[in-house]
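Heads up, there are several structures right after this.
In the two assemblies presented below, subunit A is common to both, partnered first by subunit B and then by subunit C.
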Partner chain A sequence: MDKHGVFRVFSKRITKENFKSILVQNIVPIMFVILCLVAVRWSGKPLAFLLQEVVFRMSRNSFLVLSLVIPVMAGLGLNFGLVIGAMAGQAGLIFVAARQIPGVLGLLTACLVALPLALGLGYMIGRIMNMARGREMIAGMILGFFMNGVYQLVFLFGIGTVIPFSNKSMILPSGIGLRNTVELGTIRWVLDELLMVRIGPVRVPLATLALSAVLEVLITWLYRTKLGQDIRAIGQDMRVSQVAGIQVDRTRIVAMMISTVLGAFGQIIFLQNIGTLNVYDSHGQIATFAIAAILVGGATVSRATVGQALLGTFLFHLLFIVSPYAGQNLLGSAQVGEYFRVFVAYAIIAVSLALHSMQRARAQAAQKH
Partner chain B sequence: MSLDGDKQKEVDSGEPASRNGPGMMSRILNTVGLPRLTVGGFVVVLFVLGRIMGLPLTNLLTNSISRFGMNAVMVLAMVPGIQCGIGPNFGLPIGLLAGLIGMVSALELGFIGFEGLMLSMAIGAGLGALLGIGYGLFLNKVKGQEMMVGTYAGFAAVSLMCISWLMLPFKNPELIWVLGGKGLRMTISLKDTFGHALDKFWNFQIGGFVVPTGLLGVVFILAAAYKLFEMTKLGMAMDLAGQNERFARAAGVDCDRMRVVGTAISTALGAIGIIVYAQSYGFIQLYTAPLLMAFPAVASVLIGGATPSEASVSNAMVGALLFQSLLATTVPVAQTVVGGDISEIVRLIVSNGMVLYALTRGHGGEAANG
Partner chain C sequence: MSGYVLEMHGITKDYYGNRVLNDVTLKVKPGEIHGLVGENGAGKSTLMNILFGMPVIHNTGGFQGKIRFRGAETVFDSPRQALESGIGMVHQEFMLIPGFTVAENIKLNREPLRDTLLAKLAGRRMKRLDWPKIVSDSKAALNMVGLGIDEMLPVAGLPVGYMQFVEIAREVDKQGVKLLVFDEPTALLTETESEQLLSSVRTIAASGVAVIFISHRLDEVLSICDSVTVMRDGEVVTTMSTSDQDTTIDRIAELMVGREVKRPDYPKRAKEPGDDDIVLTVEDLKVDMPGEEVHGVTLRVRRGEILGIGGLAGQGKIGISNGIMGVYPAQGRVAKDGIEIPLNDPGQAYKQKLAFLSEDRKNVGLILDRSIEYNISVVATLVKSMFQKTLGVGPVGIRVRDKKSAREFAAGMISELDIRCTGPGQLVRRLSGGNQQKVCIARALALDPEILLVSEPTRGIDVGAKQRILDLLVSLNREKGMTIILTSSELAELRMVCDRIAVIYGGRLVDMLSPDDSNARFGMAMSGRRAEVQ
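The block that comes next holds the complex of A and B.
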């Protein structure tokens, strides 16, 4: 059924012979499982509580993490520019909050407003990525910072001056710029409560999870299309693909556009669960945490599957929940636990990037001999 | 600060104007470089605007110069990194942490005033060089991905130190939280210790324009010392290693070792840089404060005309002066024109725009995954 291994976490089927090499290749998720077990043990929290938290966090985060898969397939590496998609999603949410559009209609409107923005921004990111070949990840990260400046310019100085805005309660007292917090009261929990199912002590927002499942199916389906094959081909080798007649630059742009649109939708799903939008901070750490999550699942710069995204989201957010409690119990300070989980996010990215770079160097050296 | 000192050999032949005889514009663009031209132009416009608005020019100038002094050493730290081949040192926070450790250690040991500052620099630079050696050895294993790995190694180091600041057994009541008696404070005032020690050293006024002699002196000494180092055999070998690894190896240069040397110098300069910055600012900022400090430094050196593979001391100095003048003049001018503080946004757009500009030109490499 899973012919292309989209759901597979390990790259090979486990047999007795390759057990050790699989262990080495997947050292990141294995270490993380151990870390999670220790932290869960020391958090002293009941399992039902943890499960509930993990279910909510999975439901609101997995869409964002899944939106990273396609650029990796296309050889663009991890999309550190995902924040830009999130900004488009937030623009949609601000529109809905200003008009007070309620319910599912509001959610759909937000997506509809975000869609053209994300497509345009994704096109721009793709163009820039094509200019910064070999430096896509750092370019994406810097582009994210840059667009954050543009985003602040628009919402802090553009609203009320260039952009007309009718809802005065959302605007700063000076009449220019949005307030930091926007209450998403009309669409809060709309998606989550569409189909809330109780399994034992745990409430499961089935509709939200189903949406991620739909995306998983779509990514699997994409593998079979011409576009998907092109994306995978340029991910394998750009030069060969070029010779084979694939429009490399165009395909890379399309991959970034898809990822940016998914990032926008992912942010909308994320924030409908949170319920309040911090106009100037909500998007800040989105890319870092999504990337850390997918790497925890065993993904690398050049290989990411849906299965790794889901496993990674689960493990990363489990650690996120328990580490303040574990910090409190182990060291007498919840703050230490909070710093620790941020450290883990950054360190996992640094280590994964370093490991991948070393493996590549080794492979290149082996090829020469 | 003449412009002929830097190696502005960018390949701009793609400019359509240069094909049929170089036009005036493209010639200026080629020698001065787009980043310096735009940012320099902005600074001039802002000064003129400030003049029209009736802002005192001496104030703008004083702010620009003192901000330049505050940041120049951190920008200078970019030069050895680029020259030795690791590119702009996005892992600068590692050096900054060494400097912060130097300062809190000196204060904990009871050294205040000038000797406190000197001890801070000694501890910071020493520790920075040590950490830089380790960091350089690490970067040798991730060639081609230094910028990305460096950024996140720096982030990880800052967050790890966040835990350490909370846990380390410091005792000085001026340094630790008033309540609880454990963990270092978020910001530590240097008012009664070595705050403004350099800024006030031999400073004088010319018609309202304050010259911070000590501050500029330290920047000048470090820049001159680095210039001298560039002329030594080691300095030249390091520059060669960064420019062309294959050629350098043929000339008998141990490139990996040169990269470690350059990283160590860069990290040590970063440590001194944050100390200069903190004494000028008047506060030591711990915890997440150093997280994003590498980016403005990287942007500054690129604004000064450096590329990810070539840089000179004058690139760093010109870049620091232009970028800091831009920020210093934006605040008061924007306050009167726009009526709000737009400087943070200008900082984000200009600094990241410049880094992006540098990343998107020049040679195209392989894809992210090779």
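The block that comes next holds the complex of A and C.
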């Protein structure tokens, strides 16, 4: 079934012989499992509580993490530009909040508003990344910072001046610019409560999880299409693909557009669960945490699967839940635990990037000789 | 119909006023295996670039002449167009995606597809791959080239030889291929793999596909080809049938190299260099220079001689000097006058009065955006603390650059070597190639070397300036008694100035020849075979 191993976490089947090398290759997820077990043990929280938290966090985060898989396949690395997709999603949510469109309709409207924005922005990111070949990740990150400025310009100065805005309660007292906090009351939990199922003590938002599942199936399906094959080819060797007649630049742009649109939808799903939108803040850490999560699952800059995305989301958020409690119980301070989890997120990214450039240097040297 | 699948008539091509192809004609029949041989720079690659419509041709003003393919006059604007019209190419370097399976590589970007619902809405790229057909087609193509491996294996782990077969299988699999170009397909193969490859080339030709077979291995060419076109200096020397009695390896080799070399009457030395006075010994030198690996070369360099190092590109001749000078990682033993020079440390060779003119003049040799005077003096300053003065009072002082002495020295060199420039302060970038090379020589002379290693000194330099550079080297040799080791791809220039010529093939010394040896002997040595001395 799983011909390309999209669901596979380990790159090889485990046998007695390669056990050690698999252990080394997957040291990140293995360390994380151990870390999580220790933290769970010391958090002193009942299993039901943890399960509930993890289920909610999985349901609201996995879509975002999954949106990172395609750019990695296409050789564009980890998409730090995901924040830009998230901004598009937030623009959709702001539109819906201003019009007070309720329920599922509101959610769909948010997606519909975000879609053209995300497509356009994704196209732009793709174009820029084609110019910044080999430095896609840093380009994406800086582009994120830059677009954050544009985003602020639009919502801090544009609203009430060039963009007419009727919902006065969302605007700052000066009449220009949005307030920091936008209540998403009309669509809060809409998706989650669409199909809430109780399994034992745990409430499961089936509809939200189903959306992620649909995305997983779509990514798997994409692998088997011509586009997927082209994406995989350019991800491995752009030059050979080019010589074979694959339109490398176009395919990279398409991959970026898909990722940006998924990022926008992912942010909408995320925020409908949170229930409030911090206009100038909600998107800030989205890319960093999603990237940390997929890396925790064992993905690398050049290889990521759906399975790794899901495992990573699970482990990363489990640690997020338990570390303040574990910090409280172990060291007498929840803050330490909270500090620790942020620290871990950045450390994971830093180590992965360093490992990647080391491997790439080694591969290049090997190719030369 | 003329009976030829490809006819190239009167192909002429200039690069920036430099004629690289002159009135070349090449004709190939369906099912024929046509050998194309010649030294590096003979024009084989340019001819193929024209056939494939490579951008490098169009960007440099196109070409003159006519190409008829399958009876119709054609000019391909892009490689893609050529490929679509039925011309295939088996590359020297592998065009394979390592993480893909053999089957996926054979079908790369030509995957059979199956319709899907989404494809009707979103276009062709949403079609699904037809895996059963990918597998069966690949099997058939692999059978054709005689490689019995599992088509679902990833390419990454395959032996190098197999990768070449996968490439060929891909070309064979293309529907409607009428002409297949093999560019040195056996260069990286073992002997048995080569034989297997040759037999699959025969099978392919037997199915009616015309083959152009480019190779430096003349025995292969002779055994497999129906006819051979020999190129030299951008022209076709001859096209001959291999069934002809006169067509022998020696004959081809001779034609490949065969230009008359006029060796000027250089002045005789008081004492001609001989084996009784060896200045530099190189023993079992191995150099890890990408693309120019040396696998164990032993040389004895006579004091006061000009020793030539020749051979085809990629065979390792360039690696030798780079290894001796410590530019690339090397093993072995190098000694000057009995004193061993530690390898892998450029400073050490300089200390023993060796100096090096790199083949990579623009990147390694010169600092283009600095003045002539700076370029000439910088290495001497670093290595021997020349062109410096002490600033300070009493015993306390620091050494700083002494512009005055550097300028004086540069001015002396400019007049001595006849460097055409506006003065010592001119930026090196503004100089012509020949004058840049002279700056390099001046810089080496600043070190006052006993042995000068020179790599490709005339590469990228116009014809008149080439002669001046060579004359300059000869006069350094005759007047200053400097020993020169001259590495060059141009056999003619080696034969013009050298006392002896070492020919390198496959990273090893094949033969040590005299410039007066026959063309055939040079030709054979260049293709890796040592002539039996009668």
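We adopt the following convention: the second predicted complex is superposed on the first by the 362 of 369 C-alpha atoms of A that agree within 3 Å, B and C clash if a C-alpha of one lies under 4 Å from a C-alpha of the other, contacts with A are read in each partner's own complex, and residues count from 1 in each chain.
As a working rule, contacts are C-beta pairs under 8 Å (C-beta built on N, C-alpha and C of every residue); 3 or more make two chains touch, one makes a residue touch a chain.
Please read these numbers as outputs of a predicted model, since none were measured by experiment.
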| item | value |
| --- | --- |
| Clash-or-fit label for the pair subunit B, subunit C on subunit A | fit |
| First (subunit B), second (subunit C), both or neither touched by A:S174 | first |
| Contacts of A:N148 with subunit B and subunit C, given as first, second, both or neither | first |
| Dominant toucher of subunit A (residue count), subunit B or subunit C | B |
| Partner chain in contact with A:S333 - subunit B first, subunit C second, else both or neither | first |
| First (subunit B), second (subunit C), both or neither touched by A:G245 | second |
| First (subunit B), second (subunit C), both or neither touched by A:A132 | first |
| First (subunit B), second (subunit C), both or neither touched by A:D230 | second |
| Angle at the Cα centre of subunit A, taken between the Cα centres of subunit B and subunit C once the superposition is applied, in steps of 10 degrees | 70 |
| Superposition-derived minimum Cα distance between subunit C and subunit B (Å) | 5 |
| Complex contacts: residues of subunit A adjacent to subunit C | 3, 224-227, 229-230, 232-233, 236-237, 240-241, 243-246, 368-369 |
| For the subunit A and subunit B complex, residues of the former touching the latter | 72, 75-78, 128, 131-139, 141-143, 145-146, 148-150, 152-153, 156-157, 174, 176-177, 234-235, 238, 301-302, 331, 333, 335-336, 339-340, 342-343, 346-347, 349-350, 353-354, 356-358, 360-361, 364 |
| Subunit A partner contacts - residues on subunit C that touch it in the complex | 79-80, 83, 95-100, 104, 108-109, 111, 113, 116, 124-129, 131, 288, 290 |
| Subunit B to subunit A touching residues, read off their complex | 90, 138, 141-145, 147-149, 151-153, 155-156, 158-160, 162-163, 166-167, 295, 338-340, 342, 344-349, 352-353, 355-356, 359-361, 364-370 |
